[in-house]
Amino acid sequence: MHSPIADYLQEVLDTVRDDTGGEVAGYIPELAAADPDVLGMAVCTVDGRVYTAGDADIEFSIQSISKPFAYAAALTDRGFATVRAAVGVEPSGEAFNELSLEAESRRPKNPMINAGAIATHQLLVGPHATVAERFERARSFFSTLADRTLELDERVCTSELATADRNLSIAHMLRNYGIIDDDPHEVVEGYTRQCSIKVTVRDLATMGAALVNGGVHPQTGAQVVTPAVARETLAVMAAAGMYDSAGEWFTRVGIPAKSGVAGGLLGALPGQCGIGVVSPRLDRHGNSVRGIKAFHRLSDDMGMHLMESEPHGSTVLRSTTVRDGETWFALQGAVQFIGAESVLAAFQDDTTATGTLVLDLSRVDRITDVGRRMVLEGLRRFVLDGREVVLVDPDGKLPNPDLGDGTFPTVRAGTARGR
Amino acid sequence: MHSPIADYLQEVLDTVRDDTGGEVAGYIPELAAADPDVLGMAVCTVDGRVYTAGDADIEFSIQSISKPFAYAAALTDRGFATVRAAVGVEPSGEAFNELSLEAESRRPKNPMINAGAIATHQLLVGPHATVAERFERARSFFSTLADRTLELDERVCTSELATADRNLSIAHMLRNYGIIDDDPHEVVEGYTRQCSIKVTVRDLATMGAALVNGGVHPQTGAQVVTPAVARETLAVMAAAGMYDSAGEWFTRVGIPAKSGVAGGLLGALPGQCGIGVVSPRLDRHGNSVRGIKAFHRLSDDMGMHLMESEPHGSTVLRSTTVRDGETWFALQGAVQFIGAESVLAAFQDDTTATGTLVLDLSRVDRITDVGRRMVLEGLRRFVLDGREVVLVDPDGKLPNPDLGDGTFPTVRAGTARGR
Amino acid sequence: MHSPIADYLQEVLDTVRDDTGGEVAGYIPELAAADPDVLGMAVCTVDGRVYTAGDADIEFSIQSISKPFAYAAALTDRGFATVRAAVGVEPSGEAFNELSLEAESRRPKNPMINAGAIATHQLLVGPHATVAERFERARSFFSTLADRTLELDERVCTSELATADRNLSIAHMLRNYGIIDDDPHEVVEGYTRQCSIKVTVRDLATMGAALVNGGVHPQTGAQVVTPAVARETLAVMAAAGMYDSAGEWFTRVGIPAKSGVAGGLLGALPGQCGIGVVSPRLDRHGNSVRGIKAFHRLSDDMGMHLMESEPHGSTVLRSTTVRDGETWFALQGAVQFIGAESVLAAFQDDTTATGTLVLDLSRVDRITDVGRRMVLEGLRRFVLDGREVVLVDPDGKLPNPDLGDGTFPTVRAGTARGR
Amino acid sequence: MHSPIADYLQEVLDTVRDDTGGEVAGYIPELAAADPDVLGMAVCTVDGRVYTAGDADIEFSIQSISKPFAYAAALTDRGFATVRAAVGVEPSGEAFNELSLEAESRRPKNPMINAGAIATHQLLVGPHATVAERFERARSFFSTLADRTLELDERVCTSELATADRNLSIAHMLRNYGIIDDDPHEVVEGYTRQCSIKVTVRDLATMGAALVNGGVHPQTGAQVVTPAVARETLAVMAAAGMYDSAGEWFTRVGIPAKSGVAGGLLGALPGQCGIGVVSPRLDRHGNSVRGIKAFHRLSDDMGMHLMESEPHGSTVLRSTTVRDGETWFALQGAVQFIGAESVLAAFQDDTTATGTLVLDLSRVDRITDVGRRMVLEGLRRFVLDGREVVLVDPDGKLPNPDLGDGTFPTVRAGTARGR
């Protein structure tokens, strides 16, 4: 069976293909020479499955889409405090290439604008790293995220370095304010090399999927960044990724995203998927015209908007049944705050009054800290009420189930009886 | 059994209670007279259950927290196009009381700053509405959301109107630019009355819960706003609700929120819950000091951050089993894009090769449009492969299951056999 | 003999007459109804002679040209410190109707923009003055300057008050910041009335001549403002009178000036003349198109540019002659620093070595304080050198000529012998 | 006789000497090492006489005071249009080191801020000049103005180049916008060398005197720049020389001025004198604390304020007398518009009705174009009235006195009889 999802992506591309509006980035000869008709798309789920359509394997330079990933690398290399001291997290409301420094700290407002991205690049590895070391850190980190070896586009890099006055201006100003220490020309060279790494939309989708999966690579299973770094990176991308139209994008599309001047566009939907699109013609904001349209279609069709309200909690309590004189509460899925809340509400409402309560976790995927604490607290109160509590937890989803007073529920090893 | 959740909320309040930093809003005598020690909190889930702690039933004026709700009412009364023509959706990066008009359109940048909220208030009801009619629209709408009759705090309103020069300045400027047509003093009077409606944290939590539940009131079940209005309101609140610290709030807390100068703070987590906190002492940004802290604690403890990556899709496919020569695919929960994708992937991987495929939807809560389309497409392809397809859908979650070619799967009415 | 100067002014008007570019101010019905072809011009010298051409006696509303004169009145009524506390003196670099408040003080940047002019109007008379009193102060002061009774244009005033939202916005914001205390609508009413006073170009020229003549009315001889007030008013007009093109005007024309939206344009050249032009069609900055052109022509033809370097000092020492065994130093004109310096230099170079030195002041117009001090010091040093010093000062230009040690030069009463 | 003027300057210095407020510029080691107690002052009149007090011959780096002189050189080398295309003339209202580019043209707002001064430096000589050529142009031009050979302070220059990030940032941004073409580092090197030229206050006073004397060097008599260049330079200095306190300076002091970070301060009063002061301790705006105070004192004592209203015209007509049946009009001084106007007024008022009118120009210094045209027109009208007109003009102040109809007045060669 051919995947309907790939077909759907193909349909999305067909819808936007005829829009030849916009212009290929003209300020760099190598980018200006790009084939304007390239059009490709890929989605990678948190389970690691990748669907593609169109020019999914054509390489282009990653450009500004490198910014969130380099930010994740900098957070990893230097820690939150050091990075935050150099770069803010506020939307700038300005174009990508504005200086946009904060009034007193002189930090760039966020890592998604060039000033912040240059400061971020210089944080890579450590204080005395070389241009080559910082570039290699970016290249190898991006490669890990893409699960293949990414390479530099030397011609694009050379071409951009020849007209890098704005970035050089920014870098000198950053050193003037003490935000960076290294030679501005070296910093811009390293940053430009980072931006010249070649990717495909398949790579972008996969790289994004790692961020939205709590930092766990959806294919290799490796923890490529901590959950905290993944969350911070997505949050900054959501708040500032689309520059001066952040609010418009957030209301209209609702998917954290980042665009690049070579025509790439990355989307990242927490817990769901990474998305990559490429089409080199840009609107006046520097965003891919057809890429934007494809995202509009995706958001509309798929209910992918972050603010789309799908109730999360209601399926955690799968069933409450009385069997053989025991009351079985069977849970399923991911037990977060709201899910645990529904379980506790069921506990409160329990009128079966059997002597024994069985909590069946055999179909639970994961219990968050707060979920664990809430469920154990509920069980503890049952014990205080004089009931016996039994845990069915074949996969150990609730290890060390201390009820808070040093006692533990009985753990019944066998297969779950409740469904 | 006493609810551990209420206990938890109590614990959060106890943690922040000792922080007596900040000052009660001093610019309005009536607000300055507020008891600075008031501290209350409430959470309302999308299932309509409310948990409270502290001063949950003390009334205070809603102030700026009225902004998102009035925006939802204006979108309802006038439609998206009319509202968007008068108010933008971009974060302003400025304090709440800055004029922050867009350069060419002269629209206020968003409805969360005063300029935008004044323009929004004037959109209520219709072009020729009176002060009384617009106020009543706000009051009755807020009452519907809170599921109780809310009243005006006349003394606060009178007090604020006496020192309303900044808002009057804004209103005159809006009329100068043609953003509003009515008398500026009447508009400010109406807006100030809207801000003087008395609420409790219990009200705020309930009102927020309606927004995050797709516009369906979690207790009355009424569709109080359309899903599109609910989504837009939350998106704007996420992008611009916390004024000049929008990015900081979004990275640190990750819960769309809105604060009021009387010390109220509303949080709204899509698909999960509404949250209300009150504590009158404010920081220099005008946000409740202890309210902010409480949200930090909530976000940290409960993994409530919007960018927190909990995989959504993995539990939709509950089981694949072969029973009596039929292959059963049992689904559960909400079938969105990613959930449907996992089902299609399972279809593709199916090697059971039985003649009959049974899709069991008896435990599905809801199928989105895209989910429906994807699942039907998968079934259609099975039929093309020569297999018989049977649908078990006792609750009619997949009505009119046209396979795209005018044929329909067999619908088996009986109870699901698979669990 | 018909005056060639009037003919010259006529020629200037003829040169610019054909330029029908620009538009009559359209935002106020009464102004929009003005005859766009009106064209008039007047010059008033510091000696009080007035030359006119074209529509010199057609009345139009003074509008923003009232700003410098109201500023002079406010300085007179309230003193420099009070006025400075409410209004700054820096160019704003912005359009006339921008708010342009200073960052910390919240003062309007200068009295030439609307915000500053509104604050200035409210300073007139005193803290508790009525609308009528403040208007009457402006009207009577302007009348004194014009040496005729000026009247209000009621229809223009009413028309402007009907669309005064921007000024009302500004006034409310000023009260919000405590820059003004009175009711904003009353302040705007008073200010609008001030702007609606009817003048002719003859009036403007005469009013300007009083400012450039050290505050002495060139016709009545009355000291209408102090020299300090006149100087301050001219300085602010030079720095900020032409709004966002202050530098362009200053380099190109070099005459302190102020324009009004009814098409008037006032120029004021220190020590020389006041100039009035009227032509109602305005450029996009709100300045009279033909008025600007006429000033360009005047500046070019007449060397009126403030930075035009005409040596001042060289004519003060009229002659040095030896007559009857006495050395006569004959001075003339105004003895400022540079003039006195040339006299002292001549004293130093004196090699006549006669016993008696005669300083002939009979053709001196005026000696400034510094000139007086310098000349007396020179004489004192001659006395120390053992020479006799005689003063010829029939008009008492150098009263009380104390040589610093209690001695005085001989004063010879007779007519000057030197010419 | 010792000059009282030098004594006066000494007294000014003594008044300000005790003010040890402010700090020597600390951002450059070589400047930080300057002797903070240096205090010197010089005045150079348009007649070329120089008065000094204090450390008048201590050299310091010219720094930003080079800006107006380099601007004059650029205007000379490239013409007004080319320079204006690259640099504006509007006050920036910002600190000296802000980028302050105009919105559309991207020109620096004026040549007194660093961005404008860097663009100005690059205009020197011509499009393909070398660093050495541009520096040499500045150095030799400044030397011509100072009438001595000025040299580079190599140590200051090297020290500044080591911390030139802000200027490098500006230069890169200027190249980004196409305002400059050359290598930014070379431009900054050249500009920094220009700023490191060593001067004394005596030099500054002399250099300023050339500007205020219509471009004629007051000592050598050479026309070092055209009158138009001198005027433009002074105008820009008046409008923008004191950065963000331009209005305050203009109202308080009223002398076009420019300060340097090494503690120098240049003043230039059109037609009167150049002034130099040095004292290295700076206020937070980067201006010499004692230098500012000295200028306050000068302006107050000497009535040097540009807006000080000394009537110019009244002394041009020295006398009207009837001698031997002829009416003699004797003029003196500089005959500008206002002076000529007073002559024409006297012509009109003439009731002597003698047959012959004699215009005695023997004591006239200079007649401007407009003065010439006006006087000749007056004479022409006398001829038309049937009177004989005789010109006494021993120095040829009114050459080619064509009365407009091809006739000429009689020119009487002899010495003037009137005084």
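Labels for the chains are A, B, C and D, by order of writing; each one numbers its residues from 1.
In this section, contacts are C-beta pairs under 8 Å (C-beta built on N, C-alpha and C of every residue); 3 or more make two chains touch, one makes a residue touch a chain.
These numbers come from a predicted model, not from an experiment.
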Moving only to chains each one touches, count the minimum steps from chain B until you reach chain D.
2
Top of the farthest list for chain B, CA-centroid basis, is D
Based only on mean CA positions, could you tell me how far chain A sits from chain C in angstrom?
66
Between chain A and chain B, what is the separation of their C-alpha centroids in Å?
22
Mind checking the centre-to-centre distance between chain A and chain D? Centres are C-alpha means, answer in whole Å.
62
Where chain B touches two or more other chains simultaneously, the residues are none
How is the touch graph of the chains shaped: line, ring, star, complete or other?
ring
Could you list each pair of chains that touch, in label order?
A-B, A-D, B-C, C-D
So, in the complex, the side of chain A touching chain B is made of residues 1-5, 7-8, 45-47, 49, 88-93, 109-110, 211-215, 227, 230-232, 234-236, 238-240, 244-248, 250-251, 254, 256, 270-273, 301-315, 318, 332-334, 336-338, 341-342, 344-345, 347-348, 363, 365-366, 368-370, 374, 377-378, 381-382, 385, 419
Where on chain B is chain C touching in the complex?
99, 165-166, 168-173, 175-176, 184
